[in-house]
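Below is one structure, written out as structure tokens; the observations come after it.
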Amino acid sequence: MKLDINIFDENRRVEMLSQSCNNLVIKVNDKIYNVDVKQTSSFEYSLLLAQNSYNIELAATENNPKKYFINHGIDNLTATVTDCQSRYAQTRAVFGHTDNKNLIQTPMPGKVIKIFFNEGDKVKAGETVIIVEAMKMQSEYKSSDDKTVKKILVKEGDTIESNQPLVILE
Amino acid sequence: MKLDINIFDENRRVEMLSQSCNNLVIKVNDKIYNVDVKQTSSFEYSLLLAQNSYNIELAATENNPKKYFINHGIDNLTATVTDCQSRYAQTRAVFGHTDNKNLIQTPMPGKVIKIFFNEGDKVKAGETVIIVEAMKMQSEYKSSDDKTVKKILVKEGDTIESNQPLVILE
Amino acid sequence: MFKKILIANRGEIALRIIRSAREMGIQTVAVFSDADRESMPVKVADEAYYIGKSSANESYLVAEKLIEVAKKSGAEAIHPGYGFLSENASFSELCKKEGIVFIGPDANAIRTMGDKITARKTMMKSGVNVVPGYQDADSSDEKILIEARKIGFPVMVKASAGGGGKGMRLVHEEKDLLNAVKMAKGEAKSAFGNDTVYLEKYINSPHHIEFQILADKHGNVIHINERECSVQRRHQKVIEETPSPLMTAELRQIMGNQAVLAAKSVNYSGAGTIEFLVDDNLNFYFLEMNTRLQVEHPITEMTSGIDLVKEQIRIAYGEKLTIAQKDVKQTGHSIECRIYAEDPDNNFMPSPGKILNIKEPSGIGIRVDGYVYSGFTIPMNYDPMIAKLIVAGKDRNDAVERMRRALLEYRILGLKHNIPYLYRIFKHQKFIEGKYDTRFIEMYSEDLKIPKTQNSEKLDATAIAIYLDYFNRAKNNTVTNEFKQNSNWKKFN
Amino acid sequence: MFKKILIANRGEIALRIIRSAREMGIQTVAVFSDADRESMPVKVADEAYYIGKSSANESYLVAEKLIEVAKKSGAEAIHPGYGFLSENASFSELCKKEGIVFIGPDANAIRTMGDKITARKTMMKSGVNVVPGYQDADSSDEKILIEARKIGFPVMVKASAGGGGKGMRLVHEEKDLLNAVKMAKGEAKSAFGNDTVYLEKYINSPHHIEFQILADKHGNVIHINERECSVQRRHQKVIEETPSPLMTAELRQIMGNQAVLAAKSVNYSGAGTIEFLVDDNLNFYFLEMNTRLQVEHPITEMTSGIDLVKEQIRIAYGEKLTIAQKDVKQTGHSIECRIYAEDPDNNFMPSPGKILNIKEPSGIGIRVDGYVYSGFTIPMNYDPMIAKLIVAGKDRNDAVERMRRALLEYRILGLKHNIPYLYRIFKHQKFIEGKYDTRFIEMYSEDLKIPKTQNSEKLDATAIAIYLDYFNRAKNNTVTNEFKQNSNWKKFN
């Protein structure tokens, strides 16, 4: 079974060639590895690639089993899995934040502090549409181009979840 | 639903009287508690009994869901649950080690070092029947009374699991 | 000694205080808002009381609620930690009135140091160096202009009631001065209800160096040497160390003496910190006094062997200091990093959320002051600090190497955090050489970005682990994720 | 400096060494047996090599395999840790022959100190106090009797090649002497293949006090003060502390000087420990030298600020000591506890098994040297030590209070361990007063048993938690236990 995995903006096609207990032969792009692997907890894999020891912590994100949090060495990354099912359906929006310039959403939960427009209002490129606060820090979300406010899905004072749609422009 | 729980050799009959979110009214023997409870991980319960804060770690043992490991304060205990199903079927053997004086077994995994008798041999009270080693420490298992070796289920050098029957006397 | 104290705070500092109180055999009372029910201090304190909604204004900042809990629980004293009510003179006063010991200075000391002009004047009278400036009553345009010229441009306009950058203006040229004063007054008025402002000479790229002091209620004051806090991002300290790479034994003695003078001038009692600005020529100026325990206090503990929280409690109880100035030790080198739930690769956006798994570093020379655990959700209502990582080494180089090792061992899974960013600071040549001032982070922001390339085999290994995990989960699809399994009590319904 | 070293050990000490090596920028190579594949050192080392079956005889004790891995990996040096091959003279020799640096003394020093009679004679020649005794070649019955009378009964008969109590006999009366010698010889022959024995005066209820030394390859030797190791169970150390409550400044200097003499007499290099017996009148006698890093070395590190592993590596590389005797500091007080997987309520039966959940103590003055984690199964093939818990405080009382707090915070779920037992020791009045010797545990064994009664509300709370958990699990019966979910890779099939 093959899987395409996008880490650090590079794609890797991974395929297991054979397995005997915890010794696997795995192909990553064009390279073939002999891997001794142990899953040592729900979140941890210990891999020996030849002699090199890699301890990788990972977890699928709560709302998307194809997006992973990863700790490896000092790094703290996210990665995305593309399997057969999703390869065709996938849009660029699956990886990282949405690229939909008409949708305003925030990566973190927080509170809506201020909304500067009403539905139907015109917004200029660079104008702040909404201010959201999380952990005492306020963030301004601006419009990328000249647009119209189509729909406002929250009101000032609302508590919001991460990636909850807030405002739709058009 | 009532449950009898044996901790530290005392029995406690526990019954929930009412629940509203994480605020419970619970009766333990004759005492009624208002409890604010949160399960903060698979193994941890934070309880506020009135103002007193108790953080209790527990886990059912791997081979017996009615026997619990507990950490509470400095203490490191085990406890046994008796529910309706098991109340009648229960023998004393369920709590702690077996009281069957004819069965030799060890509470820990290890290795059989020496067996001093053959099947059919007579054993005197206090005589060592078998030596088992775990973690460099050897333990001798003796017969409590004058008995006969009925069955030997392991041989010298065998690796054994915890609570695996080793020798049956009669 | 006290039998029981209340900790009027949350997070790591609440746990820090519980630990020392417990060592002293004192019972501890925690308080919690809605957001903190599952927080470590609540779990480990002897008693815990609910005090209101998540917003601090409805819980940790409500003096009356805290007094009420203290009385109900029989706590004889209140430790305010840092932040919240710790520098609130009225709260100190209220405690006194209600017969509860406030573990901190009295209201007068807090008030004097809280008003910047009063503090400046008090310091000047006591012979403490202050930044050259002007703070007198005559605030006519002519007087302001004359005084600004005397000071020399650029000058800072600052609000007397100020803090956190509000009501502050940097003025480069004389023509902008009067307008800047007007704007600063307006801001100060709306932020603090007090429009008094004053002028200070602008110290270019200074070092931020502070002295820890301890003062008992019997007039004894000592200092426990300095902390260098110049690694800052937007005026927030990121890394602190002691000794300061800039410090000399002579300067330490002079500044230390002034710190003691400053504390004495307000009849201070408890633990406090005198902050100074130091320029490259080692001129130093009193900046302000923090009349409470400082976030970065552990590095002083690591090098002096003194438990500052225990000392605070003993002083509040009325005991005399048992350490004389000549007995204060300074051995080895200590550094602290603040671990934040934030995304350094995305403009340091706060990143609250659920910690799926956390492993803290351990072993020689490492101390972690934290309060979270695997499965804990960092609330979005407060500061995004997860923990403080403190190391000690025999010298600065040893401590820097140890910090790198500790950061490599530190594992937090489930949200973005600044550990990789901190690691890059400890790999930066200027930091390694100890050649930095308060502009460090700004000046080298490009160097501190995530590297563009990664070891290829390492990424392959990560891809393999994901591959295996992905199919493993698919095959075991009845097994829910750890974090789902760990959901809170509501499941019981 | 070395670029890469191999750690020929397992468990906590392997991780301890990896940590210091990593701080020094040295790459680390771990080795593992079947039982240790999932062990922390294997997971965190840069490289890891399989060396054989779980039995140490087929893995950690096979010198040739270790040399082979060192060559294959390009490791320039081998750190043996403690136990296994650490005091094996032939291994030190083999490393030298193969051009790999052995991080420890040369074969001659190990051999001299390994043979007790040779060690005694060497010490006597150097002017080090030894226990009065007889060790000469003439072992005729008459000579033995004459010498035993000179020493005075009771006397100890000990095997020269001995260790761990084998080939040792305590003789109270003259009439039992010759038979005891015969039996000791027999035991020594079968245990060590060498039946040489010697006589020593029996020191009644002594203190066990040892001195840490460091010696470079250029003839410089320093001592880093003492460790008190008298809390022992069946000759196994349980708790160690420094300074010793028994020690005086004068005695420290005299004993320290003798420790340095002892090391010099065998041209020692590296870290080593001179063990002494000390009686209540402060008479002290050389017992033996451990030619390796000691389990309890961290308490010396905590009070001196010296990283002994780093020093070992620097010395092995050929560097000169950078610390002179006069610069050795001893600040504060440090105590270590050994955390074992054993059941103190059931005759200290080893209790290997799966650690379902572990939380280590943290915060001010705490150090944990461990190697396990939640989900790890402690192998039954080795020592049941889980970790070492080390605390430092400003004085002994502070350290004792801190240790109690740390033990209360330490949480290991899933197997029996000795934490509650250790806590009872730190609550024992004689220990608190520092009035104990090697008989402490035996003498107060009744006091140290688990108390018969428990706080009733606490047990009620525990019962409530079990009640809730039991039904919670029943309702969520598709959710498997954590430890089942965490099972190893085989699930992937």
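Labels A, B, C and D are assigned to the chains in the order they are written; within every chain, residues are numbered from 1.
Throughout what follows, contacts are C-beta pairs under 8 Å (C-beta built on N, C-alpha and C of every residue); 3 or more make two chains touch, one makes a residue touch a chain.
Just so you know, these numbers come straight off a predicted model, no measurement behind them.
Q: So which has more C-beta pairs touching, B-C or B-D?
A: Spelling it out, more C-beta pairs touch across B-D than across the other pair.
Q: Suppose each chain is reduced to the average of its Cα coordinates; what separation in Å results between chain A and chain B?
A: Computed value for the inter-centroid distance: 46 Å.
Q: Any idea how many Å lie between the Cα centroids of chain C and chain D?
A: That gives a centre separation of 40 Å.
Q: Where the CA atoms of chain B average out and where those of chain D average out, how many Å apart are those spots?
A: Computed from C-alpha means, the inter-chain centre distance equals 32 Å.
Q: Roughly how far is chain B from chain C, centre to centre by C-alpha average, rounded to an integer in Å?
A: 48
Q: Give the residues of chain C that touch two or more other chains, as numbers and ranges in rising order.
A: Residue numbers touching two or more other chains: 44, 373, 408, 468, 471-472, 482, 485, 491-492.
Q: Could you pull out the residues of chain B that touch at least 2 other chains?
A: 37, 39, 41-42, 44, 52, in rising order.
Q: Which chains are in touch, pair by pair?
A: A-C, A-D, B-C, B-D, C-D
Q: Mind listing the chain D positions that touch chain C in their complex?
A: For this pair, the touching residues of chain D are 15-16, 19-20, 22-25, 44, 298, 301, 305-307, 309, 329, 331-332, 359-360, 362-370, 373, 392-394, 398, 401-402, 404-405, 408-409, 468, 471-472, 475-476, 478-480, 482, 485, 491-492.
Q: Looking at the complex, which residues from chain C come into contact with chain B?
A: Residues 29-30, 37-38, 42-50, 72-73, 373-376, 482, 485-486, 488-493.
Q: Across the complex, what residues on chain C touch chain A?
A: Residues 341, 343, 346, 349-354, 356-357, 380-384, 407-408, 411-417, 419-420, 423, 450, 454, 457-473, 481-484 of chain C touch chain A in their complex.
Q: Okay, in this complex, where on chain A does chain D touch?
A: So the residues of chain A in touch with chain D come to 19, 21-22, 36-42, 44, 46, 48, 51-53, 55.
Q: Any idea which chain B residues touch chain D in the complex?
A: Result: residues 1, 3, 5, 7-8, 10, 12, 14, 16, 24, 26, 28-29, 31, 33, 35, 37, 39, 41-45, 47, 49, 52, 54, 56-60, 62, 65-66, 68-77, 79, 81, 83, 107-111, 134-137, 139, 162 of chain B touch chain D.
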